[in-house]
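Pasting the structures in now, so scroll down.
What follows is a pair of complexes built around subunit A, which joins subunit B in one and subunit C in the other.
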Partner chain A sequence: MLKMMIVDDSNIIRSKICRAHDSERFDVVAIACDGAEALRMFHECRPDVVTMDLTMPNVDGLECIAKLARIDPEVLILVVSALSDQATGIEALENGASGFLLKPFSEEQLREALDELTEHLYD
Partner chain B sequence: MKLDFGKYRGIIVSVALFLLLDASVLLMNFYISFEISEDAVGVNLAGRQRMLSQRMMKSLLDLDAADSVEQRQLAMAELSQTVALFDNTLRAFASGGETLSAEGHGVMLGAVNSPAGRQALEEAKTLWLPFLQRLDPLIDRHSLGGDASYAARLHNAVAYGRANNLTLLRLMNALTVDLENVAASKAKRLRLIQTVGISLAVLNFFIIMFHFLRQLRESDSKIELARQETREILDTVNEGLFLLDRDQHIGSQYSHALLNILGQRELEGVAFAELLDGIVSDRDRNTAAGFIKLLFDPRKKQKLIGDLNPLRQVEVHIPQPDGSFANKHLSFGFSRVVIDGEIVHVLVTVQDISRQIKLADELEAAKVQGEEQLELLSTILQSNGDLLRHFLSNSFASFQKINGLLKQPAKTHQQYIDKANQIFALIHNYKGEAAALELHRFARQAHQFEELLDGLRRSAELSGNDFLGLVVHLNKLIAQTETIQGLVEKLGTLGLSGTSQVASSSATYAYPHWSLFAEQVAERQGKEVELLCSGFNDVPLPKTMEAALNTLTVQLIRNAISHGIETPEQRRLAQKPPRGEVDVRLLARADGSIQLSVEDDGDGIDRQAVIDTAVDRGLIDGAAAESLDSKAIMNLIFHPQLSTRSEVDEDAGRGVGMHAIREVVRELGGRVTIQSRRGRGTRFQLFFPAEINAVKSAA
Partner chain C sequence: MTEETLQVFIDGVSRYFEHTKDNDLRVGTPYLADNCAPVSMDYTGLIGVSGSNKGCVYFTAPKAMLRHLILSLGEPDTSDENMVDLVGEVANTISGNARRELGKNFMISVPVVVSGAPGKIHLPTELRSYVVPTTWRSYNAAVVICLQH
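Here is the complex of A and B:
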C-alpha cells in the first residue's frame, strides 16, 4: 500500500482524485489545499506519492515540488494541471516531479497515470 | 559464471590447439634433448672404455717389464686405477649405475638397451671377468712383488691380456658405435617431431586464417546488407526520422524525408536547437530543449510527459531557396531508445501534418458556416419580419453613411480621428442590432471591423491610405447583409418567415427578443439576469421611432448587463440575489413626450474609475479631474473613447456605446440622463419631446 497525498486548491479536483484512485494500492493519508499546507503535512505523513496542482495560493506548486524533492528525493510527484504553458510543466518536472497529467482528466486517465508513476515499485 | 565466447569460439579453440601443439613439441624437445645429452655422456664413456682397455694392457706390460720397485709401483698404481674404472664403467653400462667421469665426478649411466650394445657388453663381460680374475690377485698383492707366484700370476694375466686385448678393444668400439647410433637415431626422431610440429602449426594457422577470414567476410556482408536495408527504409519512409544524443545533436543516420520536410541539405551532427532556430518560436525551441532533457532522465515517466511536448503540433516557417518562407504544420514525436536499461538516444519522428490541419480547418470552417447559415435561417424564421426589415434598412443606411464618410476628404489628424469615431459609432450600432437579432456572425464581423477602427484611432499619424482597408471590410458586411435581405425576401414570398405574421401592434414584438438577447449577453459574461419590460404595448409609436427605440434599448440593455450587473459571486458577496434585474420601461407622458428608462440593480458607476480612465486616455488632465463635479463625471461617460472595462468583447467595452446612444437621441431631438448609486444600480433615461415626435412621424 502506497501512501498518497493530494495537493490541489480545487475542492472538485480533490474529491475527484479521492474518488478515482485505486484504493487497493493507494491510501490517501493527506489532502492539502495549498503548498504551505502540503509542506506541513508532508513532514507528518511522509507519503510515497503526491498529486500536485501548479497554481495555488501561498506556496505555489513549482516551489512546493522543489521543496518536497529536497526533503525526500524518492517521492513520486504527479503534476495535475491545466496546461496553459508547457514551459511551466517542464520546470515542474525539472524541479523533481516525475509525471504530468493534463486537466481535465477522466477517472480512468488518473488511475492509469498513477499506475504508470508507480509501476517500477511493483516489478 | 558461464563463459560465452560467441562467434569467437572457433578462433579461441584454434589458438588453444596451437598452443597445446607448441607445448607438446617443446616438451618432446626437452625430453629428447635430455636423453641425447645423456647418450653423449654414454658415448664419451664408451670411448673411454676403448682407451682404458689399451691403457690397462700397457700398464700390465709396464709392470711386467719393470726393473725397479719404483717403476713397478707406478705401473701397479695405474693398472689398479684403470682396472677399477674399466670394471665400474662396464657394470654401469650393463645394468645401470654410477661411475666416474673424465673430470672425476660421479655420473649415472643407464643400462644399455640396444641389442647390438647388449651383445657387445655380454661378449665383453665374458672376456672381462676371467681377465679380472687374473688381475685382482695381482693388484691385491703387489706389495709382495718379487715372489715366484707373483711372477706366475703376472705372466698369466699378461698372456690373457695379450690374447684378448684386441677383442676387448673391438667390443668397446662396437659399444661406442652402437651408442652413437642410438643417439643419432634419437636426434633424427627429434628433428622429425619438430618438423611435424611446425607443419601442424602452419596447418593450424592456415585453418584459423581461412575460417576467420570467412567469418569476417560473412559478418561484413551481413552488416552491409543491414546497412543497405536501413538505408532503403530511411530513403523511403515519409516521416522525418533521426536520433538525438544526450547533447541533443542529430546522429549520422536520418531519413531522406527529413531533409525535404525541413528544407535542409545536411543534418549530421547538427544541434537540434540549431535545426529549430528560425523555424519555430524561441520559446518553443527552449521548451523543446527542456522537454528532451526530461526524456533522458530515467526518473521521469515517458508516458506521463507526452503532454509537455511543445512540438506535437507546431507551425513552422521554412526558408525557401528564393528567399520566401513556406508555412507548414509539423508534428514532432519523441521516444526513448533504451539499450541495456540505459537511455542512449531519443528517436525523433517528424510528420508534415499541413494537409491534415488544412483539412481539419476546412471541415471546421464548413461546419461553422453550416451552423451559421442554419442559425441565420432559424433566426429569420423565428424573428419578427419588421424587426429584420428595420435592421436591414438601418444597416444599409449606416453603410451609406460610412461610405460617405470614407469619401469625405480629411486633412488633419484630428479630422481623421473624428472620421474613425463616427464610423465606429455606426458600426457599433450595427453590431448591437445584429446581436439583438442573434445574428452573431454579423456581430462578430462588426466586432472585427471595430477592432480595425480602434487600431486606427490609436495611431499617432493617420492618412487616407489607412482607411483603404476599411472598404474591404465594409463590402464584406454589405455583402452579408444583402444575403440576409435576399433570404428574407425569398422567405417572404414563400410565406415562411415572420414577415407573413406582421403584428398589427408593432411594439409587442420586442419583449421575447430582448429577453433572449439579455440572456445571451449575460451568459457570455457569466452572469444571470432577468429582463423586465413594460409600457411598450401601451405607447403608440411612430414608425421612425420604432427602429431608433429598438436600437437604443438593445444598446442600453447590453450596457446594463456588461457594465452594471455583477457576477453571481460578486452579488452574493454584496448580499444581493444572484440574479440581476434590468427593468426597461417606456412611458408616454401627458404632454406627448416619450420617456425610455433602462434601470439595473448592479454595481453602479465607479466614478473614480471613470476619472482614472479619462485621465489615462488623456481625455482630461489630472488637475482638471480633481475639480470635476458629479455631472461632469457622468458627461465623461458619453465621450467616444471611454470605457472602464479592461477587456473588449463582442458585447461591450469600447465606450462608444454611450456616445452612439447620445448621437441617436440627439438626432431625434431628445436628451439622456444618468443616475447611479455605487453598489445599488444605474438608471438611464431618454427623453423625446412630443413636438419632435410629431414632426418626425409626420415626415
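Here is the complex of A and C:
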C-alpha cells in the first residue's frame, strides 16, 4: 500500500481525489489545502505519492514541488492543475514532478494517471 | 480581444462541463457589456489576470445550478462552503486552461469568490467586458472576460 498526500486548495477537488483513487493501492495519509501545509504534513507522514495543485495561496505548487523533491528525491508527485501551458508543465517536471493531469479530469483519468505514475514500482 | 481569444474561454467552459454527468451545456452568443453594471448572479468566482493581459475572468452562477453541479460531479455535500469552492474552481479551470493558447504570461491569481449582491463586483468603467452566456440543464450562468492588452 502506497501512502498518498493530496494537496489542493479546493475542497471539491480534494474530495474527488479521495473518492476516485484506488483504495486497495493507495492510503490517503494527509490532505493539505496549500503548499505551506503540505510541507508541514510531509515531514510528519512521509508519503510515497503526492497529488499537487499549482495555483494555491501561501506556498504555490511549483515551489512546493521543488522543496518536497529536495527533502525526498524519491517522492512521486502528480501535478493536478488547470494550468495548461507547456512551459508550466516543463517547469513542474524540472522541479521534481513525475506526472501531470490537467483539470478538469474524470475519476478514470485520475486512476490512470496514478497507475502510470507508480507502475515502475510494481515491475 | 480577438475572436480567437474569446473562443479559448468558450472552449474552456465547454470542456469543464464535459466532465459532469449531465453534459448538455449550451453556449449562447457572446456579447459586449458595459462595466458599470457587471453581470452577476448568486455566486461569482473571479480570477485576476496580470502579465501579458490585465483584468479579470469570472464565472457567475445561481445557487440552484451550483448545488446541482456539485451533485453532478459526484460530490454529495452541497453546503454553501462547497458552492463557494466550486464557483472558484470553475473560474480557475477556465482561466488556467486558457494558458494553453495564451501562454505562461497569462498570469492568473487564486480565485476570489463574491456571493450575493451584484454591486460587490467593480470593473474598470472605461473598458467593456465580453459576456459568454451559458445554459446547463435549465440554469443560466455566464463567463465574463474583462481583459486589456
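Keep in mind that, in the parts below, the second predicted complex is superposed on the first by the 122 of 123 C-alpha atoms of A that agree within 3 Å, B and C clash if a C-alpha of one lies under 4 Å from a C-alpha of the other, contacts with A are read in each partner's own complex, and residues count from 1 in each chain.
Everything that follows uses one rule, which is that a contact is a pair of C-beta atoms (placed from the backbone, for glycine too) under 8 Å apart; a residue touches a chain by one contact, two chains touch by 3 or more.
Note that the coordinates shown come from a computational prediction; the quantities given were computed from them, not determined experimentally.
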Report task. Examine A:A87 and indicate which partner it touches, taking first as subunit B and second as subunit C; both and neither are also allowed. Result -> both
Report summary line: Max touched-residue count on subunit A (subunit B vs subunit C) belongs to chain C
Requested in this report: Using the touch definition from the top, say if A:P57 reaches subunit B (first), subunit C (second), both or neither.
Outcome: second
Query raised in the report: Touching A:L78 in the superposition: subunit B (first), subunit C (second), both, neither?
Result: first
Report task. Determine, under the contact definition given at the top, whether A:F105 touches first (subunit B), second (subunit C), both, or neither. Result -> second
Requested in this report: Answer with first, second, both or neither: which of subunit B and subunit C does A:E116 touch in the superposed model?
Outcome: first
Requested in this report: Mind working out whether A:I12 is in touch with subunit B, subunit C, both or neither, as first, second, both or neither?
Outcome: second
**Report entry** Set of subunit A residues, in rising order, touched by both subunit B and subunit C
**Finding:** 83, 87, 102
**Report entry** Residue numbers on subunit A that touch subunit B, as the complex places them
**Finding:** 78, 83, 86-87, 89-91, 93-94, 98-102, 113, 116-117, 119
Query raised in the report: Across the complex, what residues on subunit B touch subunit A?
Result: 283, 286-287, 290-291, 293-294, 297, 299-301, 303-305, 307-310
Report summary line: subunit C residues touching subunit A in their complex are 15-16, 18-19, 70, 73-75, 77, 81-82, 85-86, 88-89, 92-100, 102-104, 106, 108-110
Report summary line: Listed in rising order, subunit A residues that touch subunit C in their complex are 9-13, 15-16, 19, 55-57, 81-85, 87-88, 102-107
